[in-house]
Amino acid sequence: MSELGWTRQQMADRLAQEFEEGWIVNLGVGIPTLCSNTDIGGKQITYHAENGVIGYGPVLPAGEEDLHLVNAGGQNVSLLPGAAIVHHADSFGIIRGGHIDVTVMGAYEVAASGDFANWKVGGAKGGGIGGAMDLAACAKRVYIILEHTTRKGEPRLVPHCALPVTARGVVTLVATNLGLFAPSGDAFEVHELAPGISFEHAAKLTGAPLKHG
Amino acid sequence: MSELGWTRQQMADRLAQEFEEGWIVNLGVGIPTLCSNTDIGGKQITYHAENGVIGYGPVLPAGEEDLHLVNAGGQNVSLLPGAAIVHHADSFGIIRGGHIDVTVMGAYEVAASGDFANWKVGGAKGGGIGGAMDLAACAKRVYIILEHTTRKGEPRLVPHCALPVTARGVVTLVATNLGLFAPSGDAFEVHELAPGISFEHAAKLTGAPLKHG
Amino acid sequence: MAPPSKIYPDFAAALADIPDGSIIAFGGFAGPGTPYNLTRALLAQGTKRLTCIANTTGGAHQPRMPDIGMLVENGQVAKVICSFTAATRPTDVLPFTKYYESGEVEAELVPQGTLAERLRAAGAGVPAFYTPTAVGTELAAGRETRVIHGREYLLEYALPCDVAFVRAWRADTAGNLQFRLAQRNFCPLMAMAAKLTIVEVEEPILPAGAFDPDQVHVPGIFVQRLIQVPPAPEGLWTMRRQERAR
Amino acid sequence: MAPPSKIYPDFAAALADIPDGSIIAFGGFAGPGTPYNLTRALLAQGTKRLTCIANTTGGAHQPRMPDIGMLVENGQVAKVICSFTAATRPTDVLPFTKYYESGEVEAELVPQGTLAERLRAAGAGVPAFYTPTAVGTELAAGRETRVIHGREYLLEYALPCDVAFVRAWRADTAGNLQFRLAQRNFCPLMAMAAKLTIVEVEEPILPAGAFDPDQVHVPGIFVQRLIQVPPAPEGLWTMRRQERAR
């Protein structure tokens, strides 16, 4: 087995197993959108997108799309029975009102404190917030999916965020290619390691202390 | 001719002539609701009710009512082509957002300053506000229809309201059985007198100074 | 594994677990949207120390239908939050008013648009907002105001509730709701503001997927329990008002 | 006397009287609801010193459609208020970003839900409100916050606009609008927040009365001007995105 661990789809698949019956789930752009492709058995999950689409399903193949229907990432998705559409203020009313059971987002960095950063890179004047700050501040749970390290091999699971944060102290679960981790204040707890990944290897690639869960 | 002046329907008819093409009009419970029975020529007026009914028409006769459809006074009204329904927050968004061209309300008292009182009687612990305070504070114009005096003959057009006010300085036109009047700070200006009503008679029944308009 | 059904067999079962001391919002405006059957079941259940949120406490018209005034008469209510603690015509007397005047029940009188916006704010996660309504009136006395762009506004807080009782025209098994005409009024706002929304539904409950997703007035994520109103006389239906109660 | 028609013959006529310095809100989210034809007409008109409100400035995908980034490139924009001043992926570069980084155009970066709520507040006469969003972030630095029931919130102000450009699926002559699926997004909020709402409509405009009043997404009282989108190639239609711009 390789020391790369899970693929992007495997990271999404593993995190999606944490969704519980009846949850309302918001999936961010990038790897998180892969969660809606995951088979999670008979559990009924309602996927919510920032643009007011409630109850969407898998992305449709080319030629079968409805151009009036996109998820938050602009992908042409399908609707499941029981879907409903609301406008943007009502959609963020759902978010801000605490009606989202979990939001799954990508990030540049996650801190052991539960802070995370995903809207602005170092040295940039501008940023891309989208719905991330509303979701991060207001969803009942914030899960993050990200590669364990940058392309240069620097850790993304860190003691403190160096980049401007999206919200503070909100992340409770992180899926990376190396496994499933939980910020616990001053360290990350290992919930599960991907096949072929040792604790020592994961610890070496983690910027904050790693603990057995 | 009698010194009673206009009937209730005539008061409503006269005030409705002031509505201009394209206005969005909210009619309060009581005499104001009679305005929607008035023929105002070819002018297109949109009647709005607090419960989110936009574009209603005359009250329907018994047997023809739709029990799902009422105006703010609970009367079973009809809908005109182009009608739309919104919920209560959007309906008061229309009001609070300044989209109502005129609100026509009943009142216990109107002051020369443009203050008026219509939600609480003297000595009562409770009151009936309904949508009156939102409408009074936020409509572009506030018109009042009321009998010129109480049943005991006391003036309702007064220098200052004795009762708790609904809003301050907002009334610009008042229709009573004696005529049409405009609050002008320290007096009421006569815009028109009902047939058979003399200036002196109207002045005698008005609590604040009366001026020729 | 099928998800738990939102459909309840009867009104009593749908509200059996509502504890004493709950904050309950009641939809409806001058008839349409009023949850008469749920209110009747709550009267029968006898739940105590309730805070009731509604536009009015009812009882101004005949035929009288189950209303908050009856809950008050039945000794079930600690407080009412509404836009009428007295009738608009001083010659009318609401059944509720005498309990309020005598101090047997508390009341918070709120302008109707502020009531609607406070409910919407609760559902939408806005804890407080400013409004021009009621500035300069007795209701603003001693309260916090703020001048914004030269105009004075009153600070108002969100009004969350434990339970919402609403009446809808149609529903599907996912809990999506449609209202007909003036039925809508406060109902969507209360459904969004409440932790538990219970709906009496006029038409037979449809399978999920029966509604055009563009034509849903309340998404099912806000609705937990549905009960179809049985035919009269078992079920209570909106009736034509005949006269005012005196 | 017939009321003046809301139907305009073409896009140029519908926006000919928009002055320099206007605040314009543009509907749309990732394609659906985006007023491509109105934006193209505004590019042709050359109106200057605009403040543009939208979720994004566009230009991240191919085929590129008329967007705020093009108005910026055309020297028409003083300021943008949006939720993305850069792309979500640092490897993408929005056409707008370089104008912003170089200081040629101002920008106010607003979280998407706060943007939606500020527009809704403007239409609904709420001058300011509190939100938990962005508390503890760089965006909250130096700004007014308030603790309510133990949680910290940020004060946000309404965002009124002069003009709204939106795209709808259907309209009637009274100006009532219906959107299809994800078209709705910001469009109803912008229509309510603007003094003048101009709508490009996909389907032939229907006579007043054609819509079920329960199924109107924006009441006609918020809509002043309607133009039907002509068939392609004259009219611009939403296209399938093929790839990201680099």
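General remarks:
Just so it is clear, A, B, C and D label the chains in written order, and each chain counts residues from 1 on its own.
Just so we're on the same page, a contact is a pair of C-beta atoms (placed from the backbone, for glycine too) under 8 Å apart; a residue touches a chain by one contact, two chains touch by 3 or more.
These numbers were taken from a predicted model, which means no experiment stands behind them.
The minimal number of chain-to-chain contact steps leading from chain A to chain B is 2. Looking at B-C alongside A-C, one finds more C-beta pairs in contact between the chains of B-C. Remark: chain B and chain C have CA centroids separated by 28 Å (rounded to whole angstrom). One inter-chain figure worth recording: chain B and chain D are separated by 37 Å, centre to centre, where each centre is the mean of the chain's CA atoms. For chain B, residues that reach two or more other chains under the stated contact definition are 79, 85-86, 89, 92, 95-96, 138.
Shared interface positions of chain D, i.e. residues touching 2 or more other chains, are given as 117, 120, 124-126, 131-132, 179-181, 184, 213-214, 217. A list of each chain pair in contact follows: A-C, A-D, B-C, B-D, C-D. Residues 21-22, 24, 41-44, 46, 48, 54-55, 79, 81-86, 89-90, 92-99, 138 of chain A are the ones touching chain C in the complex. On the chain B side of its complex with chain C, the touching residues are 29-30, 49-53, 62, 65-70, 72-74, 76, 79, 85-89, 91-92, 95-96, 120-121, 124-134, 137-138, 164-168.
Of all the residues in chain D, the ones that touch chain A in their complex are 29-32, 55, 61, 83-90, 97, 100-101, 107, 109-114, 116-117, 119-120, 131-139, 169, 179-189, 217, 238-241. Within the complex, the chain C residues that touch chain D are 117, 121, 124-132, 146, 148-149, 151, 153, 157, 178-181, 184, 213-215, 217. By the touch criterion stated above, chain D contacts chain B in their complex at residues 1-4, 120, 122-126, 172-174, 176, 192, 207-209, 211, 213-214, 216, 219-222.
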